[in-house]
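Each of the next two complexes has chain A plus one more chain, namely chain B in the first and chain C in the second.
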Partner chain A sequence: MLIPCPHCGLRPSEEFTPKGLAEAPRPVIGGADLPEDATWQDYLHTRTNRAGDTDEYFHHALGCRSWVVVHRNTLTHEVYGATMASEFWAQKNQQPEQETGQ
Partner chain B sequence: MADRYGFWRLLREGLRGHTGWGPAWRDPAPKAEYDVIIIGGGGHGLATAYYLAKVHGITNVAVLEKGYLGGGNVGRNTTIVRSNYLHTGNELFYEKSLQLWEGLSADLDYNVMFSPRSIINCFHTDGQRDAEARRGNQMILHGADAVLLDKEGVRREAPLIDVDNPRFPIYGGLMQRRAGTARHDAVAWGFARGADQRGVDLIQNCEVTGIDIEDGRVTGVQTSRGPIRAKKVGMAVAGSTSRVGALAGLRLPIESHVLQAFVTEGIKPMLHNVITFGAGHFYISQSDKGGLVFGASLDGYNTYAQRGNLPLIEHVMEAGVSFVPAMSKVRLLRSWGGVMDMSPDGSPIIDKTPIDGLYLNAGWCYGGFKATPGSGWCFSHLIADKPTHHIEQLRLDRFKTGYVIDELGAGAQHNLH
Partner chain C sequence: MSARLPQPNRLESGGIINRDRPVIFTFDRRVYQGFEGDSLASALLANGVKLFGRSFKYHRPRGILGAGPEEPNALVEVDHGPAERDPNHRATMLEIYEGLETFSQNHFGPLGMDVMEVNDLISRFLPAGFYYKTFFFGGLQAWYRLYEPIIRRAAGLGRPPLAADPHHYEKIYTHADTLIVGGGIAGLTTALSLAKAGQSVVVCEERDRMGGSALWQGETFDGQSGADYVNHLCAEIEAAGGRVLPRTTVFGVYDAGTFGAVERCHDHLAKADRRPHTARMKYHRIQARNIVYATGAIERSVGFKGNDRPGVMLASAGHTFLGKYGVRVGERATVFTTHDGGYGTAAALAQAGAAVTVLDARAEANVVIDGVTVIKGVYAKQAHGRMGLRRVDYDGASNGSLDTDSLLVAGGWNPAVHLTSHTTDRRQSKPVYDPEMLAFLPPELVETEAAAGSVTGAMSTADCLTSAQAAGKKLGGKAVALPTVASALPVSKPMEMWAVPGAGDAAFLDMQNDATVKDIKLSAQEGFKSVEHMKRYTTLGMATDQGKTANVTGLALLAAATGRDIAQVGTTTFRPPYTPIPVGALAGHHRQRDYEPFRYSPIHAWAEANGATFMEAGLWMRPAYYTRPGDKTWLDSAVRETKATRDSLGITDVSTLGKIDIQGPDAAEFLNRLYTNGWKTLPVGKARYGLMLREDGLVFDDGTTSRLADNHFYMTTTTAHAAGVMAHMEFMHQSAWPDLRVAFGSVTDQWGGLALAGPQARACLAKLFPDLDVTNDGLPFMGVLETQWNGFTARIFRISFSGELAYEVAVPADVFEAFWLEALRVGAEWDITPYGLEALNIMRIEKGHVTGAELDGRVSMDDVGLGKMVSTKKDFVGRAMSQRAAFADPDRAKMVGLVAAKPDDKIIGGGILFASADGPFDHTTMLGYVTSVAQYSPLKDRSIALAFIKNASDWHGKTLYVVSHVHGKSIMEVHAESPHFYDPKNEKVMS
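After this line comes the complex of A and B, so read on.
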C-alpha cells in the first residue's frame, strides 16, 4: 500500500504505524466536567468496523512523524487519500459524512 | 452408533473396494423454526452445536453457514493448541479447552490428529525470563503444566534453533509439554459429523442477512435461503462479528485485521515442537507432511480482505531466518491470510448480549483455534442457561467496568494484541 502523507507525498505503508479506526473524536479533558464513562468506553473500545470505506489513524513514524487519518477501503485495500489528524475532526464536523454500507 | 469409524470399518471397506463410505453428514433444507440457531459454521459454531446436542440434549438446532463448513479461519490457521496464559480469566478457559482436546478424537470418533508435541516460548533477556517464570507459575496454579528451560534445555529440545544468536541470544524458554498442534480441517469435520449424527441441521450456502427482534427479544433470522424462526440465536462468526452484530443493531468492541501464515515445501523432520521467538513475534512448527508452518504478527491496518501485504512477509522471513538459520535453505510454498476479530484487550468474549436470546462468541484474535472445543463447550452451556465458571471473566461489559484481560499489557488498542 502507498499512503499519500499530506507532508511527504506518496510513501510506502511500512513507514507508517497504524493505530486503529478513527470513528469518534477523542473526548475533551479539562474544564469542570469529565467526559462520561460511556463516552470514553466508546472512544477506546467500540467500533462500527465497517467493511468498505473507513478512516484510520496512521503515524508517519519513519517520515515526518505526523499523525494522519487515511481514507481507505478495507475490502479492496484501495487508498483514497489522507488528512492531517489535527484537521480531520474539524473538517468532518463541517460536512458530516454519509454512512456508507454497513 | 452404526456409522462408527475404526479398524473394523476400515478393514471391511478395504475388502469392499471402499464403496460403502457415504457422506459424513446430511445436507438438509432449513426448517421453518428451531430452538437454537448458531450463525457461523466454523470450528466454534460446529462445536457449540455438537455440545448442545451431546451435553444438553438440545437437538432442534441449525448451524447456518454462508459458505461451506470449515471454510473460514478454522481452515486457515497454524493449528497451535496451548494453555499458557498469565491471567485467570484466560487460563481457566484455555486449560478447560486443552483438557477437552486431550480426549477429543475418542469423543468425536474422528481423528483430529491432536499432537501434544509441546510449545517453547524463548526468552532473550533477564526481564523476559522473570515474566515467563511468573507466567509458568500462574499456569501451574491453575492446574496446567509448565517447565522453565535454560539455554541448554532449548538447545537439547530444538537443535536447529540458533540459541547463540549474537544479536538476540536465547537465555531459555517456557515449555508446556501438553501443548501441540491438531489437524484443522479434521476438527471442523469431526464436530460437524458429531453434531449431524445427533440431529443438528448443518445448512451451508445460507448467509444470515438480518436478525429479527421483537420487544427486545430475538425471534429469528433472515437468510439467503429465507426467514427462519428461532427461540435463541448464537453468533460465532469470528472475523465477521461486527457485520453480523450490526444486523442486531450492536456496536461491538471489535476491529477486523488480517493475519498471514506460511508453509514451505515438505522436508525431513527437523523440528518436533512448536517454538516461538521472543525477540520479534515469530512462531514455527513442522506439519506431519513435513512443511514448516509459521507466522508472526498482524499486518496492523484494518481489513476484511483475506490477504495481507508484502512488507509483513519480508518481516516474517527476517525473523524466521534469525531464529532458525537453516530455514533460509527451504523454499516457501504458499502464504495466505485470514480476517481476525481483534478485541481491545486481546481476549475473547463469550456472553449474552443486551438483546434477550441473542448470544455472542467473538474476539478470538489469533488464538481461537485452540479454543474450539472449550468455546463450543462453554457457549453451549451459556445458551442452555447453565453458564460455567470458565467464562466468568470473558464478559462483554468488561470494557465498561474496567476488568479487562490484557495478557500483553498493551493497552486498549486492537491491533497491538
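After this line comes the complex of A and C, so read on.
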C-alpha cells in the first residue's frame, strides 16, 4: 500500500503507523465531560467498521511525523488520498452533511 | 577440467549446455558428471537416472514430471553441512555446479527400498480424508501414543537445516515504469516495445536464463536460433536502459503497484565462485506503475493408472530436456496427446534417433510425421514399471501394449494465471474459464496491466509475438518489428480429456500430495462439492508446488462428478507466494544482532570498560550493575551500590529517559491538556511531576517536566514510553488541538544525563559548579537551574527517583562522557559509586515509586495512589473516562508494600496474594498480585515487593501469602504495609 502524505508525497505504508478509524472529532473542552455521555462513548468505543470507504488515522512516524487521515476503500484497497489530521475536522465541518446511507 | 565420463542419454550435439565444461556433482552420494548449464534433472536424466524421490503419502517411487518450476515430484535436498542443508529444491530448477551434493527425500531406508512403501500397498485404505476419519477411533490416548508419533515421523517434506543459516540476504527497492513477469519471447518483446518508448522496464525470469520455450522448441527467428535471438533481444532492451533479471521469481502482486520478487544470486555457483559478503538472495520490493503478465503456460497431464511412474513426464518436459540440454529421455518413446502439439515433441525425439509412437486420443487427427507411428482414437490406460517405465497399455478405438521407456503426455496447457488473481480484491474478478480453449485465462485486466504470450491462450509462437505487440501498445510502447518465425510445430485446441475412461485410484493428479482421480470423486460423493472444500479434503494443490500441474484437472473432474460446468465450479484463489521462498530472503539483514538497532548511551564504552553488565530497555542497553572485586553475584553488586548511595554518594546514567523540548505561547496550555495536574502556575525554574492518562482514563506514563522559560518546557518520559508519548503528543496536537501555538521535538539523543544521589550529592554538585548557589535555598527541591559547564549548557534538576537528596544534570550528549568522568573525579572524595538499574530498582521500590511494572495499562490514578494529582478545573486527556464509576470501586486492587516474613525468603515477581496459607489457591480466593520485587532491601534486611491488592490500606500490618503457580506453588508468608517504606515524609529529598 502506498500513502500519499500531503507533506512528503507518495510513501510506502511501512513508514506509517495506523491508529484506527477517524469517525468523530475529540469532544470539545467544556462540552461533554462525563463518562456516561454518549459523545464520549462513541468517540472512544463505537466504530462502524464499514467494509468500503473509510477514513483512518495514520502516523507518518518514519517520515515527517504528521498524523494524516487516509481515505481508502477496504474492499478494493484503493487509496483515494490523505488529509493532514490538523485540517481534517475543520474541512469536514465546512462540508454540508452528506447522506451516508447508514 | 576433468575427463569426460559417459552420459548414456546425452546427445553429441544440441542444446545450450557447455560440453567443454564438465561438472562433477553427487546425488545420494553417487558421483555424476554433467555440463555447465545443466539442471540437476537434466544431468541425472543424461546419466540414465529415473528415480528421484518418493511421494509424500504413499511413498511411491517418482521420477521427473516437468522441466521447470512446476515440478511436483523431484524434490531434493542440497546438503553442505548442518547449516547448509536446504530441502525441497526442485531438481528441474537446481543448476549444477562443481561440488554440489544432493540427496533424495521422503524415504525411510534407501531410495530403492522404502519401508513406507507399504502405504502404497494399502492405499485403498488410505483415501482422501483418511486422517480426519481414522483418528476418531481410540480417543485421545490413541492419538498421543499411536497416531501422532507415526504422523510426525511421516509428515513434512525433507529435513530442515540444523544450524543457523550462514548466508547473507539483502532487501532492495527496485523501481520501474513497467515490470514484465516472464522473460520468454513474449515478455522480452513487450519489454523492448516499452523500453524503446522511454519507459524504465524490469524483466524478471525465474529460470536460469531468458528465453522460455525459444530455447528448446527448435524454431528460428529471422534465421537465428532461439538462443541467439533471445540474446539479441536482451541486448536491445539493455541498450534502451531496461534491466533483465534471470533467476528472479516474482512471487506476489500487491496493492498500488507493489510486487515481491526473489533473485537467486548464489545457489547456482560453486562455493569458490561465490564472492564473500555478497547476498545469496535478494528480495526485490518492486514498485512499478504497470505490469505485464508474460508468465507462460504450464502443461498438464491426463489422469490414468500409473501416470506417476518414473519415466512418465509432460511432453514439454521431454522436449525441453532434448532442446535445451541435449538429453534424450528415452530410446523407445511414446507420446500420449490430446492435441496437435504432442507431434512437435514426437518429431523432435524421432529426429534425435528415438523410436516414437504417438497415442492420439482423437479419432480424427491428421498430422503426419516421417518415421513416427500414430495410433488414433486411443488413450494410455495404464503405465507399468515401478522403478522405471517398461510398458504402457492403451485402449479406445483399439487396444494393445507398447514396450516403452518414456511416456510423454500432452494433455493441454494451463496458462499461468496465478499472479493475475493475487489482486482479486482490487479487480473483483477471477481468472475466467474458456470452454473453447479448455483453460482458465486471465480476467479482464485494468489499464495498468497487460498480458502477453501463452498466458493469454496464444498457442503458436507467432500468436505469442502478436499478443506481445498488443500488450506493448496498451501500455504505451513503440511498435517493434516482429521476426519471421520458422516453425515446424503444429498446434491445435485440445480434445477434452482430463482423465481417461475408468481412471480411479493410482491415476494421479497432484503428484506431490498423492491426490488421485478417485479422491476427487470421493470428495464429491461425500459432499465436499465446493472447490475450496474439495481442496482441503483431498489436499489437492496444497503442497510446495501448490498444484501447478494439478489444479485445473482437479476442478474439471469435480465439475464432472457434480454435474456442473467448470466455469460454475471456478478456481480456488491463488495467493502469494507463487513458489516457495526462503524466509531468510524476506528477513534480509533483520536477524539476530541486527534484528533491531541498539541504542547506546554516550558513556556506553566507559560502562563496558568498568564492569557493567547491560540489560535491554526497549532498544537501549542500560547498565544493570557494575561488578567490583568482592561481588559474588549481581545482587552483591546491586546491594553494594545501594548502600554506597544511601550512605554517601551514587551516580547513575539517566541519558535514556525520553526528553521532549516544548516551546510556544501555548506550551503551558498544551501540557495542561496532556497531564492530569495543572501547569499554568508552574514558575520558571521549577520542575513538576506529571501524570498522563490515556483517553480511556487509565494511566499512560509519568515523568518530570520543567519550565525553562515562560514559553519553553523540557519534558522527560519513561525510557520505555518515550516514543509512544511523542506520538501521543503529536496526535493530540494535530488531530484535536491544531490551534494551539506550540512546537515540540524529541531531544533524547541530544542530551546526556546523570543523577547524583545520596547525602553527599550537594557537596559533589557544588564542586562541579563552584560558582553556583546550590544550597537548599538556592536550588530547593524541584528547582531547576540552567548554567554553563566548561562553556556548554548544563541543566540541573533537583529531582529524585531514588528517594535520596538527588540532582539530575543534563549536558549536550557529545560532552556527556567528559562531564561524567569529571563527576567521578570530583566525587572520589566521597567514594562516588556508579549504580545500575538493579540498585535503582531496590531504591525506588523502597521509596514506593512506580515504573512500567506497575503502570501496566490496567491501573487508574487511584490504584497507584496518585488520585490527588487531578486538577478538576480543566480538561485533559482521559479526564471524562477517569471518572467512571468502576474506578471508584473499593474492590479495585491498589498498591501495597510487602515484606518477606523470613529473612531468607525471596518474594517471587508475578506471585499471587492470598489471605490464608491453607488454600485453595485459585481465582475464588485470589486477592492481588506482585508487580515489582527487590530480592534484598538493605532497609528491611530482607526481600520486599510492590503489589496490588483489593482494599489495600485494610491490609497494612497484616499477613498475606504469596503463591506462584509457575514456581512449584511454594507458599511464602509476607507482611503488608504502606508501599512507601523509605523516608515516607520525603525528608531526605527535601533536605
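By our rule, the second predicted complex is superposed on the first by the 88 of 102 C-alpha atoms of A that agree within 3 Å, B and C clash if a C-alpha of one lies under 4 Å from a C-alpha of the other, contacts with A are read in each partner's own complex, and residues count from 1 in each chain.
FYI, a contact is a pair of C-beta atoms (placed from the backbone, for glycine too) under 8 Å apart; a residue touches a chain by one contact, two chains touch by 3 or more.
Everything numeric in this text was worked out from a predicted model, so none of it was measured.
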Which superposed partner A:Pro18 touches (first chain B, second chain C, both, neither): first
Which superposed partner A:Gln94 touches (first chain B, second chain C, both, neither): neither
Touching partner for A:Leu34 - first (chain B), second (chain C), both, neither: second
Partner chain(s) touched by A:Asn49 [first = chain B, second = chain C, both, neither]: first
Contacts of A:Ser66 with chain B and chain C, given as first, second, both or neither: second
Which superposed partner A:Glu78 touches (first chain B, second chain C, both, neither): second
Touching both chain B and chain C, residues of chain A: 1, 12, 17, 19, 37, 44, 75-77
Chain C contact footprint on chain A (complex, rising order): 1-2, 12, 17, 19, 22, 25-27, 29-30, 32-35, 37, 40, 43-44, 57, 59, 61, 65-67, 75-79, 84-90
Chain B - residues contacting chain A, complex: 242-243, 246, 251-256, 300-305, 309, 311, 344, 399-400, 412-415
Partner chain B, residues of chain A touching it in the complex: 1, 12-14, 17-21, 37-38, 41-42, 44-51, 54, 56, 58, 72, 74-77, 102
Residue ranges of chain C in contact with chain A within the complex: 254-258, 287, 425-426, 428, 673, 695-697, 727, 730-736, 738, 874-875, 879-881, 883-885
